[in-house]
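Input: structures, listed below.
In what comes next, chain A is part of two complexes: it sits with chain B in the first one and with chain C in the second one.
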Partner chain A sequence: MSGDAAASAVAPNARDARFRGARGRLTLRIVLLAILSAFGLGLAGLMVWLGLDRWSDYRLYSHQLRVEETRFALRDSLLAAEQAALDLAVLAYGGEPERDPADDLARAAASLEATLGSLAAADLPGGADIAVAVAEKMARLGTIRVELASTPARDDRELAERAADLRALALDLRSLRMRILRAVGVPDVAMGVVHLFRNYALQVHDTIHANAAAYLSILTGLRTPSAAELTLLSRETTRSRFAAPTFIDLVDADPIMAGTTASDLVDFIESEYIPAEEAILQGIRAGAVSPDTVAGWIAAVRQVDELTRRMLAATDEAARRHLGERLAAEWRALVASLLVSGGVLVAYLLCAALIVRRVVGPLGEMRRTMLRLAEGDLRPVGVLRTPLADLLAMNDALRVFRINAVRRERLQQERLELHARIAAAAREMRADLEAAALVQLSQLPPPGHLGGFRFDTYFRASRLLGGDTFDFFRLSDGRVALFQVDVAGHGAAASLVSVAAHIALRRALDALGPEEGPAQAMEDVNRGWREDLPYFTALAAVLDGRTGEGSLVQAGHPYPVLLGSGAPPARLGEGGVPVGVVPEPGWRDIPFTLRAGERLLVFSDGIYDVQDDTGSIFGEDRFMDLVGRLSALPSEDLIAGIEAALRNWSAADEMFDDISLVVVERV
Partner chain B sequence: MDQPNHPGEIERLMRLAESGLDVSSRIPELDDLCRDARDHFGTRIAAVTMLTRDLQILKARAGTEIEAVPRHLAFCNVTILSEKVMVVADTLEDPRFRDHPMVTGEPFVRFYAGAPLVYSPDLVLGAFCLTDGKPRTFSLGDRAELTAYAEAAVSILVESLDRPAAVGGRAP
Partner chain C sequence: MQTEETVQDGVLVVGVRVPRLEASNAPEFRRTLIERIEAGHQQIVIDLAQVQFIDSSALGALIGAVKRMGALGTIALAAPNGTLSRLLTLTRMDKVFPITETVEDAVAKLAS
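== the complex of A and B ==
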């Protein structure tokens, strides 16, 4: 396959591809709707994500608040247990308890009950295990309460054991509290200082109670401490002093803790409690502790309890307030986020509706209108309802295109109607011309014998109607007249003039007297010829059949040719001006004689003017040669030979000019 | 308003006289065309006007009962000077028309658009015109459609010319 063939084999495929492209299913409308949908889904997703994020924050604080309540209750129970333990130890020592330990234990049990309740609400990770542990502690507490009820009031050892049991329970409760803290962590960093200080306060409280239990056990005489143990006990208390300033600084700077009595607790431990404990320690080391010193110290421990409780209550309140505020803030943020999302979605839906109604809809309408126009449906194009200048301009252009198409169709219709009318007019005119041609031909005499002469003729008009005409007829004096006319131009106008000239010449020749020649007739015609009519060339002759003598007049017509027997063709005449050119043409009769067998050829200049395909005319010389060569032939064959020669010469099927030829032979 | 100097006005009037068109008699189809145009463009008035030596004759009209206007007051005098649609979006903004009695007084024309009725290259009969009491824009599409209305009006006029000639011209 050659390169061209390969290209032509590929081209139709490419065309098909383009065609398929033009008829593709993807429209601007679909693309816009897809983009709008994708954007809308994305926006909705973003809004949902933001809402969920807010919801999750809200849930976090709500959860945190419930976890805090669990821890508050648990802590209250451990504080109550520690107080009960202290009261029991004081009782064992022989002092006066501040409250009935049974009340403290009832409080601790109630708090544990509350812990279980809030634990169920808090939904902690590992909450079930913690609940089991709390229930176990409740059972232990129940056991201690039962044992305590059956313990004799003055059995120091029994009381101290119950106190130790309670302290162990309190320690377990503390570790449970830490488990809860570990389980949820500290999601709000702002609560960090609160947690730290609470733990510090509980640690200090625990240390003081542990020491109190140890000192009371020694003071009660239940055991005798070593010197090393005493040093260790004193260190336990004083160790907490070093951390205190740091915590106080943090607490003072913390916005949540503002207004709590944390510094009161720290200050009291530093200024009151530690000296009181040191006095007890010195007393024990010295082996003599005054009851007042013990009473002062126990009061200090109780004061620490009181301050711790007050401080924790204030901290709890601050934490609740803080978490409540955060929860409210998160709720507001969630509502705001939902409102903003709703607003954005509504705005998006409005925009989408606007785009669909004002862009997508009009686009589709324009597409339908364009296709309609392309298919030739020229119904009016509606005006689009869209605010977009581009679409309006396109719509406007479509209206112009439609009007252009309407006008084109109307012009086409008018053109076709005009063609039909022209064709009808042309048919009518041709029929008229054919009728006229028939009239013109009917003027020409048929070949034949007249007054001792034989006339042979040839006539060919270049169009339906010609400017050539001729006639021969007998005059009243027995002579025979012959004339030929060639009006300048061709067609209807020339033919009408030739008819007028024919009539005029025939009348003028008819009117000739016996002695008058054709020049007279020609003069008469020239005189009567209207100035506004075209001129014409003519040749007229009058012949006498008895003698063979004749005369002719030449008015601008080609020279007639005399064909004598055995002699070369000879030109007759002397030119002359055409008829209708000048008032006094000065024509005269030119005599000649035709002997028997001799012929006279009269013809129009159409014979000379026949052109070949190079534009060369046939011309007079070539014609004279031709006539010389054909001179031996009879007139009919002579005419046929001339016609054949002219046809050979002529480049076109039709002649350029009218041709007429009359051959007169003396018989 | 001065009548614009139409270079071929005398010849135009001669051609109009030779055309055999009856300038004043009503043709129902032309009135229908005016009503259609008025509805299509949403203007107060649509009219087919023909300009004679002294008068602008409203040969067909919709939205007005005025039959003729003195020639020197005719907006269409300007329209026939060109083969294009003439638009005056707001007559008060156009120095040629802002002091025109039909702008400052009844019928308070604020908008005008006219397409010439081109009968032959040397004969513009008048105009197919729209007027309104409010200014408005007139787009390319509007112009093309108004031209089509003018051409339709000329076709109706030409048919009206052919009709009596066809009846009287043929031997029974």
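== the complex of A and C ==
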């Protein structure tokens, strides 16, 4: 109860501020969203990285394919140039060329043109420099063709020089080819083997053509070699034989070139060409070479050409196939990686959407509900759209909290209404009591003169209604009657009893005969007093204004005090049983005389029972002293003095008991 | 309200162990006495030695108890101090209760 009061005592504004303060801080919702975002960004980054990796592999093979085209074209021009050189040398020697050298040169020029074209498409590093070099070679080839066109058909020396020019050009083209190879590198080991093998084949081809050029110029008689030069030439050919087995093994081992065989070329060189060349060498050393031997040897050279070209074509085919396959594989990998990325991304987005809708959203919803409840908004708690059991349990708990809060509020409301009703009832009751008090007061006679006596009074109820009452009135025989009643207890019950006692006593006193005293009246009241009513103390007196003589009866009431002139205050009476205690109380009239100016004080025991803050009662002795000190004062001032002394003594504002005092003075 | 009860020679002695008998505890005191009477005690001594003050409500409780007991038995008051004694004299309670100076006197009186 006191806890509730303390909680509701917090000012609503302060509470709002406190909850709003919490809004600025980190929330579960923000953390979840941050984790989702970080995870999503990481995933996206990984996917992009994988995609770019695949894309770069794809680009590599696609580039290799284009560069390969450049190399094919360049090599074709090289082979055509060497062909033309051989044919020109054969022409110079006087033999039959296999083809028209001009056709070969046209083919070489066309190939160089194609090289230039594919070079632009290949996008090589340093491609511009290479293009310049190719253009320069084209110009040289153009010059050679023009010179060849103006060369007389049987001028051996001129033809041989053109052939040498072409061979030089072919060598340059070969180094250009190596530049391209170095510029792009090899994409994988298989292609490395392909390149090695091509280089070897071209090397063999070149060696044989170089030797052919040398032998033909000797045979044509353009120069005479030394014996040492001849030995060197023979070694040149045989040297290529040593590397042959390695290449055969490499080609066999290379997965790309499966089905191609290098042994045709190597076997031919070993079994046909080298014997043919040795025959020429021996003829030259002997000084006589038969035209048949020369023709056989030239045929062997052409056969080497043919076999080389066939091998290279097969190699090219294998390389193209390999690169194409790899390109396709890389494309598939790229597409697959994109599809996987897309799938993962879609799955992630679905998951994220699910988490946002079914976790983050409900969390926020619940947070709003809680803040709302905390601020006293008791609208119903919404249904949470989430499959999570713990969130559902929390939401159910919130619902219970709300129901409790609603119940509490209703109880509070009921309590307030009850309080209001009680307050209204209390007001009503108080109004009743006030009205009753007015009635009770109206029973009391006002101070004044009556039958030769002066009556002064003091009445104070400890509550609205008191158990004390008194009255004085004239009897039919001229005497004056006085009584005072004190019912045990205070409040409404006591006051009602006091009214009954008041009426009974007044009636009994009124009914007294001329010789009867107040004891008779008291006996009458006692006899008629119902057993189940509370007892009361009373004092009744009958006074004769003509003589000042009177008699009184004391029924449990405090001893009245006689204030004689010049004498100390004196107690009257001998005590007596209260009314309503025993059937035979045995009261008797006590005579007394009031001379002029003498006073009789009749009072209830409330005067004695006033307590100070230590709980001590005012008491009879203090009262007698007080009355003695104040005895010279007129009755009104005497009463005021007594009241002041009692107030002074009393610890509380209200008196503990009812107090009533009647002062009778003989005038 | 604190009371101390003993039975001496068939007489129930109710010792009142509070200094004041007044409106706040008088109803309970009355109830206690009525219960003893209804339980069959016909001779009851009320030991007032420790009581300093008694008001009209408490006197009412004593009178109520006597009326309840009626002619069947006796309630005696023992050892009232000065103030109490004065009140008992004023109200002539000696006509209602036997009043003695000591508990022993009261017990002896009632037991005989």
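By definition in this document, the second predicted complex is superposed on the first by the 458 of 667 C-alpha atoms of A that agree within 3 Å, B and C clash if a C-alpha of one lies under 4 Å from a C-alpha of the other, contacts with A are read in each partner's own complex, and residues count from 1 in each chain.
In this text, a contact is a pair of C-beta atoms (placed from the backbone, for glycine too) under 8 Å apart; a residue touches a chain by one contact, two chains touch by 3 or more.
Given the structure is predicted, the values throughout are model-derived calculations rather than measurements.
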For A:620, decide between first (touching chain B), second (touching chain C), both and neither.
second
Name the contact category of A:380: first (chain B only), second (chain C only), both, or neither.
first
First, second, both or neither for A:353, with chain B first and chain C second:
neither
Looking at A:559 after the superposition, I want to know if it touches chain B, chain C, both of them or none. Which is it: first, second, both, neither?
second
Please determine whether it is chain B or chain C that touches the greater number of chain A residues.
C
Considering only the touch criterion stated at the top, classify A:397 as touching first (chain B), second (chain C), both, or neither.
first
Just to be sure I read the superposition right, which of the two partners does A:38 touch: chain B = first, chain C = second, or both, or neither?
neither
Name the contact category of A:410: first (chain B only), second (chain C only), both, or neither.
first
Check: chain A residues flagged as touching chain B and also chain C none
Within their complex, chain C touches chain A through residues 20, 23, 53, 55-57, 59-60, 63, 67, 83, 86, 89-93, 95-96
Of chain A, residues touching chain B in the complex:
380-381, 383, 392, 395-400, 402-404, 406-407, 410
Where on chain B does chain A make contact in their complex?
40, 139-145, 147-148, 151
For chain A, which residues are in contact with chain C within the complex?
486, 488-490, 531, 534-535, 537, 554, 556, 558-559, 575-578, 581-582, 585-586, 605, 609, 615, 617, 619-620, 657
